[in-house]
Structure formats: structure tokens, C-alpha cells
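The chains carry the letters A, B and C, assigned in the order they are written, with residues numbered from 1 in each.
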Amino acid sequence: MDGSVRLDEVVMRFGDFTAIEKTSLTIGSGEFFSFLGPSGCGKTTLLNIVSGFLVPSQGQVFIGEEPVAGVPVNRRPTAMIFQNLALFPLMTVFENIEFGLEVRGVGKKQRRETSERLLALVALEGSGPKQVTELSGGQKQRVAIARALAVEPRVLLLDEPLSALDLKLRQHMRAELKTIQRKTGITFIYITHDQGEALTMSDRVAVMSAGRIQQVADPMTLYRSPATGFVAAFVGENNRLESRLVDREGQRVRLDAGALGELAGSAGEDVSLGNGDRVALYVRPEHLKPVAADAAGPRLEGEIEAVHFEGASVMLETRLTASGEKLRVQLGHEVSRQYADSLTVGQRMTFGYDPADAVVLPDDGSAVVDETTGEMVDSRTAAGGAHVSSA
Amino acid sequence: MSSQRLLAFGLRFYVVVFFVYLFLPLLIMAAATFNDSRFPTVTPWDGTTLRWFGELAADGGMWQALGNSAIVAVGVLCLAVPIGIATALFLNTVSSRAKPFLYALILSPLLTPGVIIGISTLIFWRQFGVSGGIFLTVLGQATFIAAYVMLMVTARLQRFDRTMERAALDLGASQWQMFRRILLPYLKPAIYSAGVIAFLQSFENYNTTLFVVGYDTTLTVYIASKVRTGLTPAVNALGLILILVTVVLAIAYEVKRRREEAARSVKGV
Amino acid sequence: MFRQLSARFGGPLAVAILTLLGIWLIVMVTLPQLQMIEYSLKPNLLPAQIGGPEDRLTIANYATLFNNDIHRSIFFKTLWSSVLVTVLTLIVSYPLAWYLAKVATPRQAALCILLLIIPFWINEILRTYSWFIILAFRGPLNEVLMMLGLIDRPIRFLNGDAGVMVGMVYAYILFMVFPVYNAIESLDDNQVRAARDLGAGTVRTHRRIVIPHAKPGIATGCIMTFMLAAGSYAVPALLGSPGSRWFTQIIYNWFFEGGNWNQGAAYAFLLLVLCIGFMSLVMKIFKVGLGDIAK
């Protein structure tokens, strides 16, 4: 059965507010697809458009290549797992799972067979006669999944379903969800603000900000080659350094970073840049390594302001000597042991990186991370495009 | 410090006096049932008797009135409960500029003296040739009892998590199925409570009933007329029985309500 | 409105909801009231005269009240006595509500509330009747007072307004206790403690902290009590005498003894205006809205 979902120039407006800018997107049948973004970015709105709770202001939605405009919620081949799960508290586990079948007029015997099979799938055999109020958080989660699967949807929509669970359980359920998705072959559309969830489970991820899709890619591409400043800052951690383009040779780019001197990075083939353009260089903390002060390649000298031991790694907070900008450096186990004596506050160190790991994007001034709160600040809401480095 | 203590003692004393004030009249009325005196009183005590229960049982008018009260109460239940539920659903769903006005209109029967509801019902139906009787009594009582039902159902409806509705629709239920299987079962305790209250309100009503009851007689109207004409301790016997029934019902209702509340707080639903 | 309802409940249920609501608000609430007002503005005519030259709007029925000294004095007596009943009920209820809300332990409060609910559920007629027995000429109250030597001859309690008012306070007290209790209960204990801490005495704490907080509850209790008192028929009928008639009794007489429904409708409407006027006044004084009252 075709469980593909296609959005064709979908726009959603609430009064004067545009929740979703014109968006086109195709999600393949059987794909585990995530929408990742901060709260208020429009991802839940998109989910509600697919499920039929909202009618888009413009554009078309296709499920299995059939347009679903005018098809009400209860007729769509989708099933939703709600953030608060929305299990029916007055019913038993069986009754919850069988509800969708019951309202379709499926006989009692067949209903019970289905629910037994699904309870086995989510590893809850024997819990059928229990009241849902007797279940633990993780068990409720599984019942919600079984209930949604019972109606044999072509597309399963998951609205941050793990957010209520504690960390351990959340990580466990990630693996479980992925397994269930593989076993059933149903298209999963997953909404989350947690990049860990999106990156570990998904085949592809759409990063959203302010009602617009920033990038659609598999998790690795997203991480290695962010397409916009927002993605670079939101997915994983990044140091952002402003500079000007000196010249480029294929992917390799030479930069003039003012006081910081000459730096280098790489830009995607499709990123158009002209000599002298203002650009932003993104260097991930884990790509920085201590080097000799006169080593070849790009060099950044900083003074250590704080040292955080994080178990598998050590995170350094440094301030660049030349410009006063902040630079975060993550040292792996081996390296940190090697430099153990130098890792003290006030110590000056020089860091280098492989230009192939550092992404150069046009400096669109968009989306930066607020330094104090760690929250995303969008250029449209932040006054005049404040920069992390100038703070 | 000692003035504080005196005040605290005074308050406790006051509370005791208050409850004596609340119950003593009822106890005196109950005691008068057993006094072998032609007139209902406890002073002087002319000997203990149970004969007033016998006289009450032999009173055909009383049984007639009791039957009428029961018919009216059932009628009110059938009318006021659906109206109250519908109104609660309406208020919970609709947002409109007319809503404050409608809300005031919906509450108005609670703030209107019962006699006026009776009078306006009587006058309104006269043009259709309907005069006072059981039918108008049902209509008159239901007019304000529906508002009580609305308040009780609304209180529960406001705690309803509407994601349940969305989940039901999403799983393929029609709106009717959602209402039948999800919303109505959720509202059931409030509807039962409202039903009990509606029944009692109807049974006890006097002010509205007086104007619309016509030549029929409900139990309260019968008691009131007995007090004024032909008063004997048989009225006390009837009162005592009604009080006992009410007390048992009140306690059962309270116990049930508290048990549910306790269950809810344990489960955290 | 239909669109919102049918979006949530589907067409048939939306139709059912609006039908029930419409029947109630239009056929049971609004039209009868309007009809009553129209009646009050028409002269009392024989069936043959209806539609004839005399069938026209007039305020004669209202003028009756102003021309009839007895009715007028009963109207104002009813107003004044109902206010008095309301104030008395508030005074009697407030300490109890305070005790239940802030002094009693949860167990004590739960028991007291159950004890309050039981008489609340008992018929108004029966509660009034119990006072009829107590206040009777040869009843227990007179006996006790004579035994104590406070009086030498029994008093006719059932002969004036005093008996009626005692009965009303008793009959309607719970309509005051519960709203006031609910309002005080929602007051944060720390506010009271803070006031005490800052040196406020009992009176000042209540006047400045508790009573302002309990305003919506006090307003609700006063409105309900006044409405019940002014609209009471049972209590004055049982505990009063011909010399202490209540306005509702005059209205009743117009309908069922005087046979002049138009006149009765005018009086009934005046009673309604009285209650609405009192309600507006209380809501204004206490600065509360309708939303606070339906609690």
C-alpha cells in the first residue's frame, strides 16, 4: 500500500499570521521522516494538516498520490500519536486498542485477535484487561502505538510522543519505535524539537524554522553539510566566525577573518559565493584540536576560561586572543589526556582544524543561538540580527 | 494571646450553637410525630404513639399527591437533564459575540423568584388553552432545574481533555461515535448527580408549583395545605419519612461523590 | 454557532443541541416572561371584550400599587424585610463559613459540610413547618421561656413579621453559607498569617483581607438570599398571619382569589424588577460580574 505523502505548495495562515510558508515536500512510502525545529516553528501545524485537523489555506496534500482535500479526519488513512497520548481513561487496554476497529464495525473476535497481535508487537502481552490508568508511562506509550497501528494506517503521525518520558525510557523507546517502523513498513512522520531523537531514528529530517523548511536531508548530511546558518546552529553545536571570502577553488575556500587572520573552510558546490562576500564559517567544537603555535593550516589562539569534564570528552570554553570572540572546543579522551597539564583556566592554546570539516555559508545573519539561554533566536524576531560573537 | 484564645473558643461555641439551631427544629418536628396529641407539638407530652403513621397511610389524598409528585419529577428529569446537557455542550463549544448575553439568559432562571417562573408559565400557556396541572408543573420546574443541570455538567466538561475527541476522530470514529463512546461516558457521573439533584429539586418545589399545579396536588402543596387546614401530627409523620429518605439519599450521594473524588486523586486522571 | 457545534458534534447532534437550547430559552424562559409583561400592560377584560376598543396597552395595573396604600406598604415591607433577612443571614453565616474554611481541620470541615448538606436537602416546607411547631402559642419555645420565668404568658410569635423572618433566615441560610465558604476557602492561608504578622487584629484582618477576597461569594449569597426571601411564599404563608402578609401573597390573591391575572402579572413583574434591581446594586457595590456568581 502506498504510504507516500506529498505536500504541494501548502500554505497555512491564521488571520494575519502565516504559520506555514509555501512548502512543497515528498515523503516516501515506508520512510521514517522527522520534522525538527524549535517550538512555534510550524511543525505541529504541518502534522495537523496531514492528519486533517487543519485545512491548509492554500495548496494540496496527497497521501498515496491521492488528494485528500475534503477527506475528514476520520476517513484519512493516517493515525496520530498525541503528545499527551490521549488514551481513553475509562476504557481498558483492549478497548483502547480496539476502539478504531469497533467504530468501523469490525467483529469482536477479529478485534480481539488484532489487539492481541499488536500487544505482542509492542511487548505488552497479557496487559489487555488492565485499565489504562494502571499502566506506567512507558506502557501507556506502547498502548498508544498499538491503538494507532490497529486501524492499519498508511501513515503514522507522531507528535513529540516521547517528551513526557524520562531520559532512559526515552532512549529505549527510540530504538523500539525504529524497530516497530521497520517491522510494519508504515510511513512514520515524527515531530520533535529534540535533535537527538530526529537524528537517531529518521531516514530523513526536515529542519524547520519560522514556518519554513530550512533543509531536508538524511541525518549525516544535515550534520556535515548544513544548508543554512539556522541548520548549522540548531543541529549539533557550532562555532560561528564572521569573515570575508578571499577566493575559492572548487569546494575549498580561503577567508579573511580580520583580526583572526587567514582562515579556510569548504563550501558546497551549489553555494554561490563571490570574492569579497561576507560569509560565516562554522567550526564544530569536536573538529578543533590543539596544534603547535606555528603549525600549518588555519589556526585560532584562545585563552581557556572554563573546563568542563563531560566523561567521554572535555569541553573547553575559550576566548580568542585576537578578536575576543568565544570559541568552544571539545577534546576527545585521548587528546585531553595528552594535554592534561595544559587544560587549566587562563592557559593559552592554539587550535587547528581540517578545512574540509568547516562549513562556509553566506552570512545571511539568520538564526543565531542566544548565548545566555541557548535558545534559537531568529533574525526575524531578534533585533537587527545580533551575533553570538559580538555579545 | 488570651483574647485570641477566647475568640477561638467563642467561634467553636458559636459553631456548636449553629448546628443545634440547624437540627433542633427538625428533631422537635420528628419527636412531635410520636406525641399522642391531636395537635402537633412536644409540649405537653400526652403519651407516645405510632398511630399517626397509620392515619397517614390511610390518607388517600396523600398517596394521590405522592403519585403526582413522582410523575412530575420524572417529567422534569426527562426534560431538564437533556436541556442542561445540551446547554453545557453549547457553552463549552461555541465562542461568539452573543455568548455573554446568552449566558446571562441561561442563568436568569436561577436568579428569578420561583413564583415568577410559575406565573409566567401559567400566563404563557393560557393562550393555547393549557391550564394549570401536571404538564405545566413539569414545564415550570424544568425551566430553572435545567440551569442547575447545566452548571453541574459544565463543571465536569471544563475538565475534559479535548485531545480525547481528536484521538477518537483520528481513529476513525464519527462525531456521533465520539460523543457516544468518549464524551458521554466521561460526563456520566455528572449527569447522574444532576439527575438526583433535579429529582429532589422537583420533588421539593413549592413556589413555582403553587402557581402552575392547578387542581392537581403535589406532595409539598399537599403538606402546605394540611398545615393550614386540618393539621394533625400525621403531617409530621410524613415529614419524618421524607426527612429520613432525604438523609439516606444525601449521605449515599455524598459518600459516592467522595469515593469518586478520592479515586480520581489517586489515579491522577 | 451551528458551524462550531457541527464541527465538533456533527450535524444531527448540533441540531439537537440547538433545538433543546432554543426550546428552553425561547419557549420556556423568554416568551413566558414577555407574555407576562404584555399581560401586565393590558386591562382585565371579559373574553368578549378582547380585541375590542378597551383592549389596549395601559399602565393602570402598575398605578394600582401606588394608589393602594396597603399593597404599597406590603411591597416596601417585603423589600425592607428581605434586606433585613439577607443581612441577618450574612451575619449568622459568616463566622461559620470562616470556621469551615480556615479554622476547622479537614476532617471537621468535611463532617460539618455533610451536616450542613442534610438539612439543605430537606424540603423548604418541612423546614418552615418545624418552626411553626416551635413558635406555636402553646409550643415548646413558649413553654421553655415560661419555665425559665422569662415570661408569664405565652407570646403569639406567629402573629407578626418576626416569626416570618426567623423562618426565612433558617430556610435560606445555606444559600449564604456555601458561597461564602467557597470564597473564603480559596484565600491563601499565608495572606491571613502575613496580616497577623504585621500586627493586624482579628477585626482588621477580616475587614482588609478576608472580606475583600470573599466578595464574590458574599455577593452571590446575598443575591440568592434576597431573591429567595422576596420571592418566598411558603414561609409567610405558614409562619405569618393575615396582618403580616408578604408581597407574593398579594400576587397569589390576584391570580386565584381576585381573578385578575393582568393585575397579578403587573405585581409579579414589579417583584422581578425588585430582584433585578437588588442584584444589580449588589454586583455594583461588590464589583462582581455574572461570571463570578454562577459558581
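Just so it is clear, a contact is a pair of C-beta atoms (placed from the backbone, for glycine too) under 8 Å apart; a residue touches a chain by one contact, two chains touch by 3 or more.
Please read all numbers here as calculations on a predicted model, not as lab measurements.
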(request) Find me the chain with the mean Cα position closest to the mean of all the protein Cα atoms on display. (result) B
(request) Going by C-alpha centroids, which chain is farthest from chain C? Tell me that one. (result) A
(request) Report the inter-chain centroid distance for chain A and chain B in whole angstrom, where each centroid is the mean of the CA atoms. (result) 58
(message) Nearest whole angstrom, what separates the Cα centre of chain B from the Cα centre of chain C?
(response) 16
(request) Starting from the mean Cα coordinates of chain A and chain C, work out the distance between those two points in Å. (result) 62
(request) Note the residues in chain A that touch 2 or more other chains, in rising order. (result) none
(message) Touching at least two other chains at once: which residues of chain C meet that condition?
(response) none
(message) Where in chain B do residues touch two or more of the other chains?
(response) 174
(request) In the complex, go through chain B and note every residue touching chain C. (result) 4, 7-8, 11-12, 14-15, 18-19, 21-23, 25-26, 28-29, 32, 39-43, 82-83, 86-87, 89-90, 93-96, 98, 100, 102-117, 119-124, 126-127, 139, 142-143, 146, 151, 165, 174-176, 179, 200, 203-204, 206-207, 210-211, 220, 223-224, 227-228, 235-236, 239, 242-243, 246-247, 249-251, 254, 258
(message) Quick check: in the complex, which residue numbers of chain C touch chain B?
(response) 1, 4-5, 8-10, 12-13, 16-18, 20-21, 23-25, 28-33, 35-36, 39, 92, 95-96, 98-99, 103, 110, 112, 114-119, 121-127, 129-134, 136, 138-140, 143, 170, 173, 202, 223-224, 227-228, 230-234, 237-238, 248, 251-252, 255, 261, 264-265, 268, 271-272, 275-276, 279, 290-291, 293-294
(request) Quick one: which bits of chain A touch chain B in the complex? Just the residue numbers, please. (result) 51, 53, 72-75, 78-80, 82, 84, 86-90, 99-100, 102-104, 133, 147-148, 150-151
(message) Which stretch or stretches of chain B touch chain A in the complex?
(response) 161, 163-164, 166-174, 177, 181-182, 185-186, 267-269
